[in-house]
Amino acid sequence: MTTNKEQYKVHQEPYYQAQGREVQLYEAAYRNRLPVMVKGPTGCGKSRFVEYMAWKLNKPLITVACNEDMTASDLVGRYLLEANGTRWLDGPLTTAARIGAICYLDEVVEARQDTTVVIHPLTDHRRTLPLDKKGELIEAHPDFQLVISYNPGYQSLMKDLKQSTKQRFAAFDFDYPDAALETTILARETGLDETTAGRLVKIGGVARNLKGHGLDEGISTRLLVYAATLMKDGVDAGDACRMALVRPITDDADIRETLDHAIDATFA
Amino acid sequence: MTTNKEQYKVHQEPYYQAQGREVQLYEAAYRNRLPVMVKGPTGCGKSRFVEYMAWKLNKPLITVACNEDMTASDLVGRYLLEANGTRWLDGPLTTAARIGAICYLDEVVEARQDTTVVIHPLTDHRRTLPLDKKGELIEAHPDFQLVISYNPGYQSLMKDLKQSTKQRFAAFDFDYPDAALETTILARETGLDETTAGRLVKIGGVARNLKGHGLDEGISTRLLVYAATLMKDGVDAGDACRMALVRPITDDADIRETLDHAIDATFA
Amino acid sequence: MTTNKEQYKVHQEPYYQAQGREVQLYEAAYRNRLPVMVKGPTGCGKSRFVEYMAWKLNKPLITVACNEDMTASDLVGRYLLEANGTRWLDGPLTTAARIGAICYLDEVVEARQDTTVVIHPLTDHRRTLPLDKKGELIEAHPDFQLVISYNPGYQSLMKDLKQSTKQRFAAFDFDYPDAALETTILARETGLDETTAGRLVKIGGVARNLKGHGLDEGISTRLLVYAATLMKDGVDAGDACRMALVRPITDDADIRETLDHAIDATFA
Amino acid sequence: MTTNKEQYKVHQEPYYQAQGREVQLYEAAYRNRLPVMVKGPTGCGKSRFVEYMAWKLNKPLITVACNEDMTASDLVGRYLLEANGTRWLDGPLTTAARIGAICYLDEVVEARQDTTVVIHPLTDHRRTLPLDKKGELIEAHPDFQLVISYNPGYQSLMKDLKQSTKQRFAAFDFDYPDAALETTILARETGLDETTAGRLVKIGGVARNLKGHGLDEGISTRLLVYAATLMKDGVDAGDACRMALVRPITDDADIRETLDHAIDATFA
Amino acid sequence: MTTNKEQYKVHQEPYYQAQGREVQLYEAAYRNRLPVMVKGPTGCGKSRFVEYMAWKLNKPLITVACNEDMTASDLVGRYLLEANGTRWLDGPLTTAARIGAICYLDEVVEARQDTTVVIHPLTDHRRTLPLDKKGELIEAHPDFQLVISYNPGYQSLMKDLKQSTKQRFAAFDFDYPDAALETTILARETGLDETTAGRLVKIGGVARNLKGHGLDEGISTRLLVYAATLMKDGVDAGDACRMALVRPITDDADIRETLDHAIDATFA
Amino acid sequence: MTTNKEQYKVHQEPYYQAQGREVQLYEAAYRNRLPVMVKGPTGCGKSRFVEYMAWKLNKPLITVACNEDMTASDLVGRYLLEANGTRWLDGPLTTAARIGAICYLDEVVEARQDTTVVIHPLTDHRRTLPLDKKGELIEAHPDFQLVISYNPGYQSLMKDLKQSTKQRFAAFDFDYPDAALETTILARETGLDETTAGRLVKIGGVARNLKGHGLDEGISTRLLVYAATLMKDGVDAGDACRMALVRPITDDADIRETLDHAIDATFA
């Protein structure tokens, strides 16, 4: 089976607004093939950044959404039963190592431990991936790089990366964009005017301040884009904000009231 | 395998009585293909609303009742062993993404985590579904939309949607209809006269006020329809209410007595 | 595979002694195809009642004894591997929905959650059963009805039906028959004379009063029938009662003594 | 596949010494085909009694040693994959129901719940065994009877038979034989003289009095037989008792000392 | 498949130094085919003793290292899928019962419960092994004997043999050899001179006295042999003792210091 | 299947800087084929040492990264289903035992218990590996040696090697290299000048002093190499240290500030 490298290329430039020197630093990390960890809260643009870098570096990108039922076999590959015996099917990590793609393991901490151990030999000087069940040892393509994402707010005692895994990555911190930048993003992504977009960003600010005071997470840029989309489509500002910003994130009556007040005050 | 889109269409208009602007707001969400979360208590009409919108928008609807043993494979698909090797069988989510259906995941929080992670790439700008085991990346049909339901009363610390999932949906709150509307619904669905229907609705009100004071949930519209059906069939009002409203929801002697008194007083 | 409806018919009238209006009320529920929940303690005649109603309505009856290892596949069906590929085998619930049987899920709360969720679309206005693994949507036969049993004494926080399941059923309460009725039952089932049968019923009463005071459950009608059977066969009253009534239900020395005294006093 | 009934017959009379009226009472239970539960401590002769009754009644006996990994399929049967498709293989319970054997489930409480639920329809008026996976309903052979064993000392809150299972059985209590009887048993089984056998029985009595005071269980008749066997073979009494009676049951230094003293005193 | 008995014979006399009358007592147990349990701490020679007895009795020996993932099938056998259907493969216990070997289950308490229950019928008067999945009942070969090992220091409330298992075995207690004997063993196994060997044994004594005071187990004879081997090979006494005796068994700084002092003092 | 020994040879001398007499002592352990345990914190060079010794001894090296989902079959081998039946596939441990490789089980304590028990017969005088599922007993090649790694900082009550496993190994303690040596390593591996490399080592020292005071582990040599690599590539010292040393190992604001201060002070 020959895998077509091109199908994993990001063909269109993703819209990405740099928040600091992260683009240059990622380029340095990639030049030296250091494994990379992107950290930050839900919906702040971690996946978008990785997609943007893959486009900028013109490398294939293979993304895997990790989950607690994912096994090493889901990453590495398995035997399929066929009419004339079994056939080996490469998993996404193996494919990436073979073709020289950036392999992005999204929320890797969710996966089972065997999944995190399997990446170890790919992230040190060996740059190899042993396919134990197939009896093959893959040397990673020179272009291959491993990237993982990590949300510090989620980790618990029971579920965290081990230091022996963490200490294999150079790390980037992400956060929500600042108000001016986020306003530009909203306006550019939805066509909403900058003034109204700025008001939405202000409501986002109120919610983010409530994090830890009744909210697990603030309102993400993604949800602000949802609200802007609905308003641009003619939906009433109050309706759009309630359904896109408040109702999805909390059922707490007090928090809802606080946020609803902020909405009414902002768009009065 | 060609899937017949028509078999998933809702051919007859479901009876649905709007409680507010939810029909218009859902239409705006669908126009912008925002993923939608419908929230509310047991039996208040969430599934009926989604069915009604599918009919109104004339789109196929694929419903999946989620449960804690459901895996990502149940949604996405799996290989079947056949006489001449294995054959891939699309799961309901994959089918919906291919044919452009509204995919409705009922009580999604019951499912295992891998199930909720699998919907992530379908609910952001990518609108894709990677079939890792098949090595295929599906781009969702332009008509595809994802809808999930969520009962806020059920969630516990152990079992809740993660914020990284919640923040991918615009949300609609549902509740039991108000008394006048619910009376109309009972009368229309069962043929019972409005006066008697109104009395049943009053008993429903009593039970809903006991929620949190000995009852986990109030009496749903569905159970009121059951009682109305039995009474229309000639069953004695007390018998019908006891067997359709009280016995199903509680074994607590005090609550039963309170509700039985309300029934006797109402139909005395 | 054509399933012979007749094999599931109850051909002989089961002996059933009504305790109230339950036969008429069940008939009304069946006429309107309301799903039914039968509640009550161990061995009080719940299964017998359902069997009797199936006989009276002349409908096929398919009974499934639920257990905590039962999966949705056990109810709905599965693929069997055969010489020339796989063959689908309907489960008991699917068979019942196809042929129009009463499907009786005994002690449904014991089953895993996926089992209880799978019955939801069969218990609302849809009356459908999606066979996700087969890609088929079954519309239930007009004669189909779902019945479940439920023992309120057993439920714990960890293992109870969810309100979203409970609120799909009209419910019937059962309890042990009153003394006169139970005496008649013993005499009729075993041929024992009414006087001796009455004495056994008295011992049953003593044990039922100990429920919650050292006994988890009282002595069921079934065990009284065992004792009557042994006595009719010539076994000494004390021996029969000890081995059929006391030894099976408790190892507590105090409770045993209390019950043994009651036996000796009754048959002195 | 025709199963040869004869292979399950007990061809030689097992040595069994009745302790009371249990033989006659079991015969009455069998005449009326009541399911039977045999209760008692480790190694007191429960299995021997059932074997003896099977011999006396001249019925085939099928014994299943239950364990916590045993599933309903292990009892009922399963499909085997063969060259030309799958073949059904009856489990031991199914075989017993077909040929009319006494089916003895040893330590049934160890088995998983699905195992105990599967026996329910075989233990009430239905006397049937549904093979759900095969779509067959077996009517038990008229000679079939179910027997289970149960050690009251073992049960915990987590692992006990449910009352809905217990109340399907007539129960027999067993205990260690009294001293005279046990002496006869030792002498007869090993050829040891009665005087020495009586001394061993005395040591057994000391250990049984320590039950609950440092010992979980007393010394079983089986271990006394071991010691007698070794002594008859010329092993020194102290050595035989230490290795057959004391070392197997405890590592507690104080208890060992107490028992060793008893041994030395007895055989001094 | 004919199994070659000879391949399981112990062809060379294992070096074994008796500590008491255990050889004669084991012979008596074997003559009467009593099942045997060998108890004692890690590395004190339990396995060596069983190997020696198998050699002395000239019987085949089949050893199984038990573990918590071992199932009854791993012991008894299973069906293998082959080109023309399935083929049964005897497990080690079944092979031993067929050919008349001594079957040695090392650390049996580690295995899952189904494994310990499966040995019950082999350890009482029946001496049979039912292969439920194959529908075959094996009568053990007259030479067959079952031996299990057991480390009393390991057992916890969660993981211990049940009394109903323990009371099927005659038991042998083992412990580390006394100083003189252990010195002889070291010298004979490694060729080290007796004086130096005696010093190593003294260090072993220090460590064994620390058991329960910071050490879970003392230093085994095996580790002393390691140290002697390294010293005989020219390694410095301090280096050899540190790497073979201290570093493997503890990371506790205080315990290490105590042991290191003992080493330095002994070899100063 | 013939396995090519050469493919497992380490063909290029790995860069390894001895910290003490560990090379000579390992050679002595290998000469006597003692199993070896290498202990030490994350990223201190344990794997590099084993690789170096395999190169120096000119023996094949087979490395297995252990994880909690790894089973004995993953080590030993399994049957694969093929067109004409099943085929046995040796696992890495079996291959190593056959060809005489050094088998290195990295972080063995992560593996399931059956994995650690399976190595027992390979680590005592038997030097055998029973393939129970294949019915074969492998005698290890004379060159075979088993090496395991172990991080003492990770072990908990729930997850530790049993003494019966530990006492089969000679052990080597590892730690981070001292400052001068580590500076040399950084300079040699990345080409950075010694002065700057020395400053990085100083920052590493600060972090290692925080272990147990807010940090689970200190900064590994590996991460220092990352930082040196980035600096050599022209990245600003502060950026390089933050992304390679601080961000990967902690999200604690106080610890971050402490480390950031140390970085700024060092490179001011």
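By written order: A, B, C, D, E and F. Residues from 1 in each chain.
Note that contacts are C-beta pairs under 8 Å (C-beta built on N, C-alpha and C of every residue); 3 or more make two chains touch, one makes a residue touch a chain.
In UniProt terms the chains read A, B, C, D, E, F = Rubisco activation protein CbbQ.
Note that this is a predicted model, so its numbers are computed, not measured.
Shared contact partners of chain B and chain F, listed by label: A. In this entry, chain B maps onto chain C through a rotation of 60 degrees when their C-alpha atoms are superposed, rounded to the nearest 5. The centroid of the Cα atoms in chain D and the matching centroid in chain F are 52 Å apart. Distance between chain centres (mean CA atoms), chain E to chain F: 30 Å.
Among the residues of chain A, those touching two or more other chains are numbered 81, 83-84. By the touch criterion stated above, chain D contacts chain C in their complex at residues 21, 25, 28-29, 31-32, 34, 37, 39, 71-72, 79, 81, 84-86, 112-114, 116-118, 120-121, 124, 130, 132-133, 135, 137, 152, 162-164, 166-173. Of all residues in chain A, those touching chain B in their complex are 7, 42-43, 47, 63-70, 74, 80-84, 89-92, 95, 106-107, 110, 151, 154, 216-217, 219-220, 222-223, 226, 229-230, 233-235, 239, 243-244, 247-249, 251.
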